[in-house]
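First, the structure itself, so that you have it in front of you.
Labels run A, B and C following the written order; every chain starts at residue 1.
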Amino acid sequence: MAAKTDLRRFTGFLPMTFVCLFLLYAPLIIVMVYSFNDSKSITNWGGLSLRWYEEVFWGVESAKFKAAALNSLSIAVVAAISATTIATMAATAMLRAGRFRGKSISFALINLPLMVPEIVTAVATLVFFSAIGFTTGYLTILLAHIVFCIPFAYLPIAARMQGIEDVYEQAAMDLYATRFETFRLILLPLMMPGIISGFLLAFIISLDDFIITNFVKGAGIETLPTAIFGSVKQGIKPNIMAISTLLLMVSVGFVTLSWLVGRMGQNKK
Amino acid sequence: MAGGVVEKSTSNTSTYAGLGVFMMLPAWAIIGFFLVLPVATMLIYSFLTKEFRGGVIWEFSLAAYDQFFFDRGLFGDDPARIEWTYILIFWRSIWQAGMATFFCLLVGFPTAWFIATRTGANKSVWLFLITIPYWVNLLIRTISMKFLIRDTGPLNEWLMASGLISDPIHIINTNFAVQLGLFYSYLPFMVLPIYASVERYNLAFSEAAADLYATQWTTLRLVILPAVKPGIIAGCILVFVPSMGAFLAPDLLGGAKNFMIGSLIEEQFKGNAGNWPFGAAVSMILLSMVLIVLTFYARQQGKEGAH
Amino acid sequence: MTDIAVDIIDLTKCYGDFVALKNVSLGIQDNEFFTLLGPSGCGKTTLLRTIAGFEDVSQGAIRLYGEDIAGLPPNKRPVNTVFQQYALFPHMNVTQNVMFGLLRLGQGDATARKRVTEVLELVQLTRFADRLPSQLSGGQQQRVALARALAPNPKVLLLDEPLSALDLKLRQAVRLELKQIQQDTGITFIFVTHDQEEALTMSDRIAVINDGQVQQVGTPREIYEAPQNKFVANFIGETNLIGVTVVDVSGGNATCTLPGGAQFTCPAAMGATAGPGHLSIRPERVAITAPETGVLQGVVARQVYLGTDMHIDITPTGGETITVRLQNSETTHIPGNGELVGLNFEAGSARLLVD
């Protein structure tokens, strides 16, 4: 199509898109590049090296970061599994159970963790645990993570379920399947791409969280983001850039996976 | 075609009719117990008396709100004057969030339009590229930005090496640095809803406008913008609301002079100030403002839907 | 005396204030190809779905061979459905789809597989047993849906516009095939469609439905040739409605005054009464004559060329336009525009309707 007759085209929109992508990616790429910098000074380029990665895995602070990474990982796995299960049940209730008491308020409730500013959630959770005399630590982090992971798991699951016509379930019931069989044999397999996406997003959200964790973690326990934050407070050191790069790769890897799963699901349909 | 609206509508004997409450129960329980109840507790805490090393004494007090709005001198016995410190912090937060929203709109709208008007597989790849950075840890993104714009960071080094400037541009610890950080944090939130609106926009409207002698920019102003307004409003809210309560960008990029609400709250719990009721009160005020914005938005949505 | 397979007694279905089905009563006989025919939104699909169990009933009863099934969930009803868009499980291949119901009924794997082979042979899909639904054409998917519903050997098969997604050629071929399968298996078919031609060619009996009410039940011939009311006459085929004044109804015949004053006696639908009314007369049953020999006189308004036929619109004095269908042959005299002609028809071709 000739540019003159293309009504989609606005002068300057394409450059602006590139500006947008550049702004989004430049800082990340620079950190990735400088994580391979051999120089001790973080700004002067001293040649390629993996020394900061060695430092991360075997250096002075490695024990601290390894423990933090392990906490982050185990919390993310448990929180994502719990949130995905809860969200799947909730989506089934919202989209497949007709009318029931409290349905109208349920949607707002599920999305509440998205609407309340993170810092307010953090304060409220801390204050609540303190009021009921709960010692802050691993368990409080986990519970808080489950709560704010629910809407992130819910969105892709509900979107997927909305795309599945209920005629498949009717066909299954017509062919003598009980409601449980219908769920297990029809709805669950058809929803699987949504459930996997929901799980992966919840996992990343948990892995990435800083603010809420920072409030409810108590003393003596760190997740990767809080450990990094503590370290950055004394200035950005090259090993932080190496850790950041690793974490960045994990996030990008998971989101790409989630995206591919979602696309697979679409192609199947 | 076959079957009218009524016949197509989902049957009232839904597959899991009667099980709704049972399946909703875990979500209600978890969110109710660990979010709704905590917010209620926070509201109560904001009316209690402070304990000096953090925590509260269970005695009713309006001290937290009083401290926020009024200045009664060092010993609390001067006549009450309006306390500007905290109001200014709120005002700065609103201003910073507003500027960040403006920058996001400036960059986000053309991007969203461009992506939404691509065809086929291209579109989903572009969209994916825009969303990836959002999923990267906010802390890491903020650190990256800090690293990039420091006085001795790569940006200044290159600009000086290329001879464009002779002295480093001082960006870090300015208002602009915070705006840049917020912009960077929430840009995808602007792009995605606008994208969704543009997707639904029927290009035939543009054709009709062009047929009736409108230039591209007139079409944008008179036809496209009104049509995608819901997406723009949604995007602005999605950027503005979290920006207002942001903690990382102001803390890491803004320094001590550019305090925002997030840092003020954090200081009451983690820092030296250690005033829990006051922190709870500031949180309540922030939450109320956010809820007002969201209610306003929901009203607006309801009105649009009514047409 | 034949058995009643499905007995629908005084069935009413409401969605809030909207009444989708109003006091519907129908007796569908064993081994019958029964069609529910009506326009979009008339309630025919709702009726089918209440029999299947996907909609509950506001009032009334549904009996399957004497047993009330209105309260049973779909998986407890020995009826199966062929869905409009087939609803083949997209993650299962043809065999798994067809076997689904058999396994749920507790059949062993070997028995179920044997039955799957049988029904796939019946619908000539044996070669495609391992394909996924997405790898089949529309016609093949339709057969899988049929096979899946037939596999458990249901007492009654419900078909919800199963041909509407096929193209015209295929649709015509499948009609005959469906009818054949119904006769071979001896299963009662309840078939929903909005396509009158489909209904007329396949059905043993048809129920015409409009506005949630049954308008008429009868064989295809009865429905076409002896419509009960204006809706049925208009919906099935083309017809002329002539406004008349009914003088007297007795013994199934009505005497009425035609526009222009002539007296005419013809069969009357059950329940027709004296007063203003309408006669239905099909376009092919009207003959054009000399003005003085017709029961009606009128002026030719226009001619429409249809290939095999011609439609002549004639405006009678004091009445609405009447369409006459003439065969397009060299010997037929086609009157010109503005010509005064007479219209004549046999008493048996016309019918007084219930308004």
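Here is the rule we use: contacts are C-beta pairs under 8 Å (C-beta built on N, C-alpha and C of every residue); 3 or more make two chains touch, one makes a residue touch a chain.
Note that this is a predicted model, so its numbers are computed, not measured.
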item	value
Nearest-to-centre chain - CA centroid comparison	A
Interface ranked first by C-beta contact pairs	A-B
Distance between chain centroids, defined by C-alpha means - chain B, chain C (Å)	59
CA centroid of chain A to CA centroid of chain C, Å	55
Chain centre separation (chain A, chain B; CA means) in Å	17
Where chain A touches two or more other chains at once, by residue number	170, 173
For chain B, residues that touch 2 or more chains besides their own	11-13
Multi-chain contact residues (two or more partners), chain C	53-54
Chain A - residues contacting chain C, complex	165, 167-168, 170-178, 181, 185-186, 189-190, 268-269
Residues of chain B defined as touching chain A within the complex	10-24, 26-28, 30-32, 34-39, 41-42, 45, 55, 107-108, 110-111, 113-115, 117, 124, 126, 128-133, 135-141, 143-148, 150, 152-154, 157, 183-184, 187-188, 191, 203, 206-207, 210, 216-217, 219-220, 241-242, 244-248, 252, 261-262, 265-266, 269-270, 276, 279-280, 283, 286-287, 290-291, 294
Chain A to chain B touching residues, read off their complex	7-14, 16-17, 19-21, 23-28, 30-31, 34, 42-43, 85-87, 89-90, 92-94, 96-103, 106, 109-110, 112-113, 115-121, 123-128, 130-131, 143-144, 146-147, 150, 166, 169-170, 173, 179, 182-183, 187, 201, 204, 207-208, 210-211, 214-215, 225, 228-229, 232, 236, 240-241, 244, 247-248, 251-252, 254-256, 259, 263
Residues of chain C defined as touching chain A within the complex	52-54, 73-75, 79-81, 83, 85, 87-91, 100-101, 104-105, 134, 148-149, 152
